[in-house]
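Labels run A, B, C and D following the written order; every chain starts at residue 1.
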Amino acid sequence: MNRIINNPDEVVEDALRGYLRAHQDLLASTDNPRVIRERSAPRQGKVGIVTGGGSGPEPAFLGYIGENMIDAVAIGEIFSSPTAKSFHDAFVAADGGCGVACLYGNYAGDNMNVKMAIRQAAAHGLTVKTVVANDDVPSAPKDERAKRRGVAGEILMWKVGGAKAAEGADLDAVIATAQKAIDNTRSIGIGLTPCTIPAVGKPNFSIADGMMEVGIGHHGEPGIEVGPIRPARELADLMLDAILPDLPFGEGDNVAVLVSGLGATPVMELYILYDHIAEVLASHNITVRHPFVGNYFTSLEMMGVTLTVMKLDEELDRLVGMPAHSIGLTKVAR
Amino acid sequence: MNRIINNPDEVVEDALRGYLRAHQDLLASTDNPRVIRERSAPRQGKVGIVTGGGSGPEPAFLGYIGENMIDAVAIGEIFSSPTAKSFHDAFVAADGGCGVACLYGNYAGDNMNVKMAIRQAAAHGLTVKTVVANDDVPSAPKDERAKRRGVAGEILMWKVGGAKAAEGADLDAVIATAQKAIDNTRSIGIGLTPCTIPAVGKPNFSIADGMMEVGIGHHGEPGIEVGPIRPARELADLMLDAILPDLPFGEGDNVAVLVSGLGATPVMELYILYDHIAEVLASHNITVRHPFVGNYFTSLEMMGVTLTVMKLDEELDRLVGMPAHSIGLTKVAR
Amino acid sequence: MSHVVLATAGGVVLALADTINANRAWLSEIDGAIGDGDHGINMSKGFSLAAAALGKADGGLSAAFQTLGDTLLSGIGGSMGPLYGSFFLDLAATLGTAATLDAPLLSRGLHAGLASLEDLGSAKLGDKTLLDTLIPALTALDAAIAAGADFATALDAMSAAAEAGRDSTKDLVAKIGRAARLGERSRGVLDAGAASCCLILQTLAEALKQRLA
Amino acid sequence: MSHVVLATAGGVVLALADTINANRAWLSEIDGAIGDGDHGINMSKGFSLAAAALGKADGGLSAAFQTLGDTLLSGIGGSMGPLYGSFFLDLAATLGTAATLDAPLLSRGLHAGLASLEDLGSAKLGDKTLLDTLIPALTALDAAIAAGADFATALDAMSAAAEAGRDSTKDLVAKIGRAARLGERSRGVLDAGAASCCLILQTLAEALKQRLA
């Protein structure tokens, strides 16, 4: 394992110190070392946006703290939900007196810890409502959508929720819009190599040379199919065939598209994939209003890629397009 | 080799199409498929900024095309200089009537092709002047600085040159300032795993498990020392010990620091490294005015990292801090 | 020989921590097969933190379970923080200020822990989770008590059933947690939580037996 | 048997392309040892493009060298585009409109190519580059001519010296190009450009010998 770490059990602490040092213009620490807030959060009169999750899908989650984005995040160990206490403290750090929208991903640990944190917050009068992202199509059949994992679609949900809160919407409106965002979002991932949790020291699953795993999760959760790797064009087709019919997306739709590397795939390959994705969408008369290509939601040093497509109505289009600034995603007015 | 590609001999073409499709707000094609320009380049009355080089250190070079950044780039095969014709066509694409500053890295191929391209441009009255980046400390001793490679320091050179041109400076002033930028910049890289050129299909060198290669180049050029990998803190010390005395940097300096992953190193590890770098610099009373941490200048899917430090005078500080927008680097006014 | 003096039995929790730490790699390996490979790390981190918080001072077993529960809950997150955290907190609350622990009190404590685990996680027997260890182990404990067995015999019955329960997960298809998405592919390997729960119950049984008075 | 009719010898360049393509992997492997591993790819791409541009029509060898030079220069970039590109362009220019090629004309052509190579790359004999193949090969060719050897014998002398020159790079320390930064570590392996240059000169010699009239 060739990694740039000190004590493998302290990678999260060590990295957080570095994030805080490097981004003083964006981030600030809190009393809880596992909670980081936007520098000027809480903003009085604005609904607070919180998320949280295990570390590893860098730069998620704290990479999306910022202007018109997230106000505070709870940070867990590698691939492990933050504690209930950290979620609770993030709620407090984000609350500007208008309640908090906790927009997070559908994982057992996160569900339990958020649930306990909300109980704790309610006990001192802080209202927290949630939207649980479940955009990962291969992780459960359509009629069991509530079981699906949240993956890179969370980023678009945060973008929308953060923008809605920045517009001054109240908590129920922020929740409704973030829910609409994720309801209109579908994702799928393909893994090409495994990843190694530093504290474990070796990969916890394997993908043979020349093979790929379709539907893999961001924490290395097994996918739905293992087979020989195919040309980028066919990967694009396969991914689109899985997600377009699921919503469904169709003729005349406006969409946002997010192609994220899983960590070790060269950026140029993400663009090779995006090229064909955009071509196919155009052939379906689907218009890409907001393309995002990069390492937005990784899985340590896994090779592979995720594709996320969000169907836009006028409101979602406006909110995705609103200028925003964070480590992981910056949208400038142009 | 588990990669997202179509024909391995056409990865550059395929990726360029994707880049152009995804970034219509920034990029535009030219008659030469290997030359990409900023959407509104050439800007009349502004010195044109051009660079170019082999593909692979994504998102360099076209990732730094943008507002207050680069106007046009010449794009080569993976790890191979662009042709003289492409450099020439990039000059033409960038020229707004005030001449062109070609700010590129010190590699034999690039030197020859730029030289031929300049001859060709001169023949029709287009003035091109160059600054050749040679920031990579381990690639040659200090008294042979002219032999050193250009590495991630090129990004800061482009940032400074692009900002200077945006301020309206003339060609000689842009060249002088970009030269000052690179003269005040030092870099070093450490490689932890090899990389595979798709068309070759297997790594062209090897780094054993648990080993590292100090001074490695962005194209896998061997470094100056191979040894067991050490904790992140010691890597930071080793890198700083190599570059701080070389300029030298000292007490009271203001600097910009750029930590770039080589592709497959998880972003959190870059922050683990940055944490200690910032700590050591602070202990030397060196102030980091502009930190950059991310995958700015990679080497396909190599694991590893580069550290770049630039000493700032008032002008360089202002130019590095100027808002700018490109795929690889965005600086917002805050 | 039918009870344990609680005031001097805090060391039981240190024994639990030792067992978990010794099995850190194995638990992660099991979790790697159909989960995300971190179960051993999470558990080891939480139990080590609790052992450190307890130190050498023996404040008794109720307090030690309380510290363990608190530490898991506030220290490790994941699924195990809330699940094992509430489990040990409710076990501690049941033991309360009792002076001694006998088989019936242990059973009540474990049932209380089980109840909060079920409430929070909504898993059921057969879902391929730690409940597949815990529920049969508790059933065996209760059966031994009903049959008039002494505490040591009842503990042995619990241990044996825990092991059988753990092994039963091998043939199960996961219905909850990360592995649930795998369907049939989750069959054929142990469940990581069932394995850690078995380690916990067996170590608990051994440590209590050593302290029988 | 002392000259080659140039008008029908364009196929020589196709033979060069075949050789380079057949050795694509090997050349990259050599470059991988102390360079960046792309020499075979670069060369193969350039020579294939040239072969495609030439097609089946035989416009003669001068024109074929000109096409090869142009294609390398505008098609592949890297170091090889300008270096081999100017080499073949100046070789083509020297052959010009001559009807036949004999040993002295070949020598003049190769010297012209060498001159532009040296001008552009500023490498010297012993720097561990393709010059370490080219210069001794040319010296041997000239010596054979001076000794009154026939064209075939002179070509054999050139081939043998090219091979010896290529092998001489094994013991050299690189002074220029990517490998120059390695110092002593660059010793012990062949130079990639010296290897491709040897392939080119030997294939050239064989192809010309087959066409001797």
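In this text, a residue touches a chain if its C-beta (ideal position, glycine included) is under 8 Å from a C-beta of that chain, and two chains touch if they have at least 3 such contacts.
Just so you know, these numbers come straight off a predicted model, no measurement behind them.
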Co-neighbours of chain C and chain A - touch as defined: none
Farthest chain (mean CA position) relative to chain C: D
Centroid spacing, where centroids are CA-atom means, of chain A and chain D in whole angstrom: 54
Centroid distance [mean C-alpha coordinates] between chain B and chain A, Å: 29
Centroid distance [mean C-alpha coordinates] between chain D and chain C, Å: 75
Gap in Å, rounded to a whole number, between the CA centres of chain D and chain B: 33
Topology of the chain contact graph, where touching chains are joined (line, ring, star, complete, other): line
All touching chain pairs, where touch follows the definition stated at the start: A-B, A-C, B-D
Contact footprint of chain D on chain B as seen in their complex: 9, 54, 76-86, 107-109, 112-113, 115-116, 138-140, 147, 149, 197, 199-200, 204-205, 217, 219-222, 224
Chain B contact footprint on chain D (complex, rising order): 25, 28-29, 31-38, 40-42, 45, 73-83, 120-121, 176-182, 185
Touching residues (chain side chain A, partner chain B) in the complex: 1-6, 11-12, 14-19, 21-23, 25, 55-56, 58-59, 63, 192-193, 207, 209-212, 229, 231-233, 235, 263-275, 278, 291, 293, 295, 298, 300-301, 303, 305, 325, 330, 332, 334
